[in-house]
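Given below, in the form of structure tokens, are the structures.
In the two assemblies presented below, chain A is common to both, partnered first by chain B and then by chain C.
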Partner chain A sequence: MWERIKNWLEIRVGLDELIKTHLTEYRIPKNINILYTLGFVALVAFLIQVVTGFFLMVYYIPYSGTAFRSVQEIMSTVPYGWLFRQIHVVGSSLMLVVVLLHTLAVFSMGSFKKPRELTWVVGTLMFFTTLAFCLSGYLLPWSQLSYWATTIATTLPTALPYAGDLVAGMMKGGEQVSGITLNRFFALHVVLLPLVISILVGLHLFLVRRVGISSPPSGKAAEPERPWTEYRHESHPEGPSFFPDFVLKEMIMVMVFLAVMFFIITFLPTLLLPEEANIPADPFKTPAHIKPEWYFLAPYQMLKIVPNKFLGVTLQLIFLLLFVLWPFLDTREEKDLLKRPYLRLLFFLSLILWIVFTFWGKYS
Partner chain B sequence: MKRRRFLGFLLTILGFTALGSFVYPLIKFLSPASGKAAAQKVTLKKSEIPAVGEAKEIPLNGTPAILINRPGKGFVALSRVCSHLGCLVEYDRAQNRLICPCHGAFFDLEGKVISGPPPKALTQFPIKVESESILIG
Partner chain C sequence: MKYLLPLCIILILPPVASADWKERFEKEFLTRPWAGAQVEKDVCLECHSSEMMKPEARDIPRKWETSWHHQNGISCHNCHGGDPKDVENAMSPQRGYVGIPKNTQVPEFCGKCHRGILKNFLESGHGKALKSSGKGPNCVTCHGSHNVQKATINLINEPLCAKCHSYERVKIMRQALLVTENKMSQIEKGLTELKAQGVYTEEEQKTFFNTQAAFRTLFHTEDVSMVKRRTDEFIHQLNDLQGRNQKTFEELRFRKNFSAFLMLLFTGMGIGFLMFSRSPKKK
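Now for the complex of A and B:
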């Protein structure tokens, strides 16, 4: 039976050739390390979000009068509803962790350098889209936590002159966060952002495949580095095969991801769903000591210490722009961070600063 | 001009026209309704008026506001929306000030910024004190 199906496909799409070209005879650098699996783990994390998001939509009612109650019912009445919501909530944070680690790994190994600048730019856009997913999804439970976190986030653009108020108004659909905002964020979360990230994922994978996987700067490379003066595919004829060698490593990392996720769901179920997440939104009462989710704590704290709101928001926009355009600013050929003392200093300083601001924002 | 070049030029113009005629309606579609309803006023009866040193939270045209009866200075009506990031300020009776729970900013009872990151004072609403009531807005 299986052979018949294979034959049927072989005649129509040339399955054997496809498998050989893209899996079994597709070679990867022989000095590749475990950090290279993070992109695949992020993709799996995204697919988990798609599946659990669909399950939640079966019961969720995107209307401000019923949204909170429908989420509470998912958690308490719907069989295993709590499990799918917890996977969605914990999975979203872990997906962001994986995307961050992937970005740090790519940066530290210099894999963003020529000819992979476009791959980096598309990757950073995917990172921002993931943040937009988190932000838009955060409002949907219509809890005190989600309502006020969204109020803060949607007020940020007002710091910018001219277009700031227009952008904030378009996000909120009014002067305050309301049911109109909920509908907008729902449409964004389930229609527009999935479409955008699917296009970006496709483009990212195309670029990775088209240019070829980069060799890490450490270890012995399969072939010597040659200057990139024209297009060429970076092949690694001496390296191991993508399937099954590398796919096995990727699957092990996926299992680690799932283990961490289920550990949090089982032993730390309130880690990402604190008390305010179980109180319905009250537009007339800001909870004391309101804090955004962990990934927005650093910018939140920065806005607190920078006395001028415009300056605070502009500084963050400049950081983001530098982050996206970094491959065009750092054009030195040396990829090894260990051989770049100033870049190494900048890298660790930025990382430490982000961690300090995150904890400062959490406990201030 | 060659035919192909002319067609390319025409296509560019038509493309930008099509884009413009889509983007403009989109911005108008997503922007909040501009035709504001007539400003609503709120009347507080004698029984609802806060005593000296007390405050009353009221919704005014959908905006959370507060009426404070300041010791020795009379009534003031302020928006509770912090000018920094939109959180709602709380009245601190003991310290005679308003506090934002988000970034810990302080405002005096005129709505002016004492400390913290807010760029401007709280919006003040006009009030009319009558013998048996107070008209706000």
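Now for the complex of A and C:
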């Protein structure tokens, strides 16, 4: 039976050749390391979000009068609804962690350099889309936690000159976060953002496959780079095969990801769903100690401490712009971060600052 | 890299040039509690804490801060009326200020919110004595005024009751209430624990609150036979609630075990993949 299906496909799509070209005979750099698997883990995390999101959407009612209740029904009445919601909630934060680690790995190994500038830019756009996913999804349970965290996040753009009020107004659909905001965020979360991220993922994978996987700058078999004066696919004829060698490594990391996710669900079930997540949203009752989600704590704290708010926002925009356009600014050929002390200093300083601001924002 | 400096200068110049441009943002964002700013103060508390207040009234804010009312967001104006945001009219009758009630008016004063108990109290011996002679106990005699604590059965105690009368009859009454009261403490503890574990307990809490409020109206009567008669009814409702709590705890245990199983499954699969990737057969 299996053979017949294979033959049927072989005749129509040339299955053997496809498998050979893209899997078994597709070679990867011989000194490839475990950090290269993070992109695939992020993709799996995204697919998990799609599947769990679909099941949640079956029971979720996107209306401010019923949203909270429907989420509580998912948690208490729908068979295994709690599991799908916990996977979705914990998975979203872990996905962001994986995307961040992937970005840091790519940056530290200089994999964004010529000819992969476009891959980096698309990757950063995917990172922003993931943040937009988190922001829009956070409001949907319509709890005190989600309502006020969203109120803070949607107030941040008002510091922008001229366009600030317009941006905040477009996000909120009025002066306050309301049922209109909920509908907008829901539409964004389940229609527009999945479409955008699917296109970006497709483009990112196409670019990775088209240009070829970059070699790590260091390791036991690092090779000197040839200058890129015209298009060519970076092949690694001496390297191990993509399947099964690299796929096995990827699967190990996916299992680590899933084990960490279920560790949090088992032992820290209230880490991302604290008590305020079980109180329905009340626009007339501002909690005293509400904070944005962990990934927005650093910009939130920065805005709080910079005396001129416009400057605070502009500094953040500069940082984001530099982040997206970095491959065009850093054009030196040396890929190894260890051989570039100033860049290494900048990299670790930025990382430490981000961590400090995040904790400061959390406990200030 | 050569474009970096000009780009930063171009972007930083306008905000530096227009310092303090965004007043609205300051107003709307930084003055809110989430930005760490001071929450607007209550003028009743400000005046009563100040030096100009007579010493016996200066301690009221501190007492109130330790009260059950404070924990539940009940402030000065909720009982005494007035406008806590307007220092000029804070004690204006036009803004509903009613001041300090007379001894005999206290039940109605508290009964604005505690309606069920008001009726019950006025029908009791305590209430009748207060209304007929003006000298009987009112709400604050047992509960206190500004440092009102959460009502529990411990309020029925010999030192307090013996101030006015013998404790013998009260003791029988306390015994009749004790079993139900203990059950309620257990249920309340369970609900708090469930809430802390992320379970939505609003419906159960409402049922519990209603049952508890109805039961506690009995505290204000001296009719032991009625207490005994109605105890069965309350116990039945509380058993039902306790059963529901128990089921939720079992469900939480199942969830924990199930996700722990999945965690171990994926850990095992990860180890399996690792061993396979290192096996000589694969190579």
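Just so it is clear, the second predicted complex is superposed on the first by the 359 of 364 C-alpha atoms of A that agree within 3 Å, B and C clash if a C-alpha of one lies under 4 Å from a C-alpha of the other, contacts with A are read in each partner's own complex, and residues count from 1 in each chain.
Heads up, the rule we're going with is that a contact is a pair of C-beta atoms (placed from the backbone, for glycine too) under 8 Å apart; a residue touches a chain by one contact, two chains touch by 3 or more.
Everything quoted here is computed from the prediction, not taken from an experiment.
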Chain C versus chain B on the shared chain A, clash or fit after superposition: clash
Chain B versus chain C as contact partner of A:G123, first or second or both or neither: neither
Contacts of A:W148 with chain B and chain C, given as first, second, both or neither: both
Touched partner set for A:G137, first chain B, second chain C, both or neither: neither
Which superposed partner A:P216 touches (first chain B, second chain C, both, neither): neither
Partner chain in contact with A:G39 - chain B first, chain C second, else both or neither: neither
Broader residue contact with chain A after superposition on the shared chain, chain B or chain C: C
Which superposed partner A:M170 touches (first chain B, second chain C, both, neither): first
First (chain B), second (chain C), both or neither touched by A:M75: second
Partner chain(s) touched by A:T286 [first = chain B, second = chain C, both, neither]: both
Common ground on chain A, meaning residues reached by chain C in one complex and by chain B in the other: 148, 151-152, 155-156, 159, 286-290, 303-304, 308-310
Touching residues on chain B, where the partner in the complex is chain A: 27, 30-33, 57, 59, 62-64, 81, 84-88, 90, 100-104, 117-119
Parts of chain C lying in touch with chain A, wherever the complex brings them together: 1, 3-4, 7-8, 11-12, 14-16, 18-22, 24-26, 28-30, 32-36, 39, 195-202, 255-256, 258-260, 262-263, 266-267, 269-270, 273-274, 276-277, 282
Of chain A, residues touching chain C in the complex: 72, 75-76, 82-83, 86, 148, 151-152, 155-156, 158-159, 161, 164, 244-245, 248-249, 251-252, 255-256, 258-259, 262-263, 265-266, 269-270, 273-275, 277-278, 280, 286-291, 303-304, 308-311, 313-315, 317-318, 321-322, 328-332, 364
Residue ranges of chain A touching chain B (in the complex, touch as defined): 148, 151-152, 154-156, 159, 166, 169-170, 172-176, 180, 184, 283-290, 303-310, 312
